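To keep things simple, chains are lettered A, B, C and D as they appear, and every chain counts its residues starting from 1.
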């Protein structure tokens, strides 16, 4: 699994001045304390995630999985330590560059944040618009993404007209449609039945095989044990296990 | 399990003019078609849920589980057929009586709808305020409810300051704090790790043992198989299985 | 109630721009309304004064038969009242009003002819009546203020109508502003409101803080408007009275206080009605 | 651009109350602003006219030495210019202005004394100058319009200041209204905005539709205001000119067009600046 990264052409990840292109995410002694809260959400974390990896993030409710994602997206800033994404510390992503960074990360948010006034189709197409994909390519790409999550028939429905599981699948389609070099998925199967959940896992593995680095935060023990990948286990903000062989150890 | 209902004193369920107090929820040939959507969300459903029962509602994403809950709450109205709650058809709950009905139903919404500007404590206390519980009882009852879901330390945090799983647990605390005669829980463990999910199931069973009728929509196969109760299986809006012995058959 | 009051204050602070916006618009409207009402009051007084002056004066030739002419004139259509004033009476009157006339009269004798004073029913009648009178034999000349009074009446009526139009517009502005403020507040709470409804809160429970907010805003605006309007008007009235005593400026409290009170009540009622309507409407919209 | 434009129109329709509210407030403000500017223009003309009339007239005794007095008066502080007008010249002047004077003069002889006309530099000087002149031997009586002119100047200045104050308030109201409209629009989109930011949309992308909305609103308000103001003012001016020709009503296009243009520009600029500021501020608030 880890060996695969050398097969990937470097230009798939065309960030400016990549010092170490193979390290997509580096956490160096990272702590995160939210202003209002006493305890640390993340506590002295050291993690390296390489290009092309598929990594599970597991841990109890409140262990810090979403906080990890937030740091990578620059949705939060570390209180201590350094976070590097694509070889550059977060502090280098300022102003417009923050937007450019986020365009290269496909994200499934845990509170699947769809644009409420847009249809499923438009929600997925929005990513293409922001990343600058020409409009004539949209129908094909959005169609493929929606088909992948089994929602080709609901393209015109707005989020309120979809069940929670369907919304979650739209969010997944949105995250993969632009073929991002990095994909963060925070509990993407929380509202999905086992069949759909497995299907989503297969999709993510497929995306990963095409070169995308995938970080997947999840509580789904059976998925983690069925589709084995490197697994990071958090407990109260600390990294207590980094298991290349995988397995759900909570 | 079903026999237990006869042990419950009838006054625990003091709805006005209960014609058949034992039938808490009755669906008679109920169909539900949302305006914007072509397919039926519920298709000719016949269900009776009795006082004191614990019922799982399972089915694929989009099968109609949340729609079922919405009908019981009068959040939606049936396109055909009749829904009765506490012995009275929905059409009798009008104006103020809709509010009174909802006060007697504890609900965990799938998109756990917390009041964003209130702390965890105030969110839970809000139910008590609405149901007219005197203020001096709040601290003890809210404290107990938060302890039950393991959040006694986060009472002052607002929803944004909580992880998704923590928010879901606040919603569970809110649903049980007023000791409602009926409890609807829509995917209450979607963002919870296996340990917390089991704990929540134990809490719901405990509440059920004290007389509350519980309807639980879920995708968690292991929970359904571990804690066995009557299970209704929906497929594309139709009731395809009603298994008193329980078991996840999808 | 404390809960609702606290919520109202929180909402007002939370949407400070909306609150200030509504407060400004509302205060201005009430100021304008008060101003236009006061203006109207004065314009009306002036118009009444002017209309009572609509009079046609016919100067008779020395040898004319005044009494016979009087009867003829009284028979004309549009004439309400006519009066024959002999030349001595005219002189006495003029001497009273303008003392210097006496000296002039001493020098050149009584320059005034016998005069018929004719009052017409309506301002519009003065021209035809004047023409009819002028054609009568024995009438040397006719004078009537219509040219002047007509214009004045029309101008003042226009000013008043413009004032009303402005107030109507401003009122629409205020109502929109209140509706909007309530809507902002409710939209900011829309998720919250639907959650509260699902948890069993009644519409009244949800509406109350917004209605309180509306009434508070109305009261505050009224107070502000009166605080500016009352002293401002009195100062201006005093100045006008001193500078142009011909204008019958209204300054008696018996007329002014009810008017100002009405303006204040209107402000409060607008706040109440606006928020009642808006909460009802937007609550339905949200559900 | 089409995307942003469509978004702007959608937002305006979605928040119709806010849009209408802003439109009303803004149009009213521009109307008021235009009105007050036009009023000021006229008031200024009138004041200039009045100030040029601030003149002290000294009526000399029959036997006084006019030329000597003239020199004395010219030496007084505050005097800008003085002129000796012999009684015949005064009579000729009066006869020209009021033809009846001639007849009176025929009867009683020239009633006017030799007169010194004194112009003062500033309105405030007229009283001390008049007093000083009156004390000079050979001066029988002094007349000056200060009592009248002073009052007029003060009243008009007050009116103008009140107008400016009102416009300032209304302007604040408009700005608040625009800020608020933008805020409403952005708050309605706040979840959306934060999602868009997380998906990599730039601030500019998010701000553009709101700025377009602001400019559209400004333009629309300006157009509405001008459509009412221009014909309204012209009609009123005509009426005033006909009714009270003493007022020097401004009616030349060379003065009016730039003024109206400035009002329109201000409306558009306010829309632009308000939405630019508001989007920047609230975007920061939302993040």
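Assorted remarks:
Note that in this section a contact is a pair of C-beta atoms (placed from the backbone, for glycine too) under 8 Å apart; a residue touches a chain by one contact, two chains touch by 3 or more.
Model, not experiment: these values are computed from the prediction.
Counting steps between touching chains, the shortest path from chain A to chain C takes 2. For the pair chain A and chain D, there is no chain touching both partners. Note: the chain lying farthest from chain B is D, by mean C-alpha position. Centroid to centroid, with C-alpha atoms defining each point, chain A and chain B lie 32 Å apart.
The centroid of the Cα atoms in chain B and the matching centroid in chain C are 63 Å apart. Note on chain placement: the centre of chain B and the centre of chain D lie 69 Å apart, centres being C-alpha means. Between the Cα centres of chain C and chain D there is a gap of 23 Å. Chain contacts here close into one cycle, and each chain has exactly two touching partners. Chain pairs that touch one another, listed by label: A-B, A-D, B-C, C-D. Looking at the complex, you find that chain B touches chain A at residues 34, 36-37, 58-62, 66, 110-111, 157-158, 161-166, 168-169, 187, 190-197, 219, 221-222, 250. Remark: chain D residues 3, 191-192, 194-202, 205 touch chain A in the complex. Considering their complex, residues 17-18, 20-21, 24-25, 28, 31, 104, 107-108, 148, 151-152, 154-155, 158, 162, 166, 169-170, 172-173, 176-177, 179-180, 183-184, 187-188, 232, 236, 239-240, 242-243 of chain D touch chain C.
Those residues of chain B that touch chain C in the complex are listed here as 73, 75, 96, 99-104, 107, 109, 113-117, 126-127, 129-131, 174.
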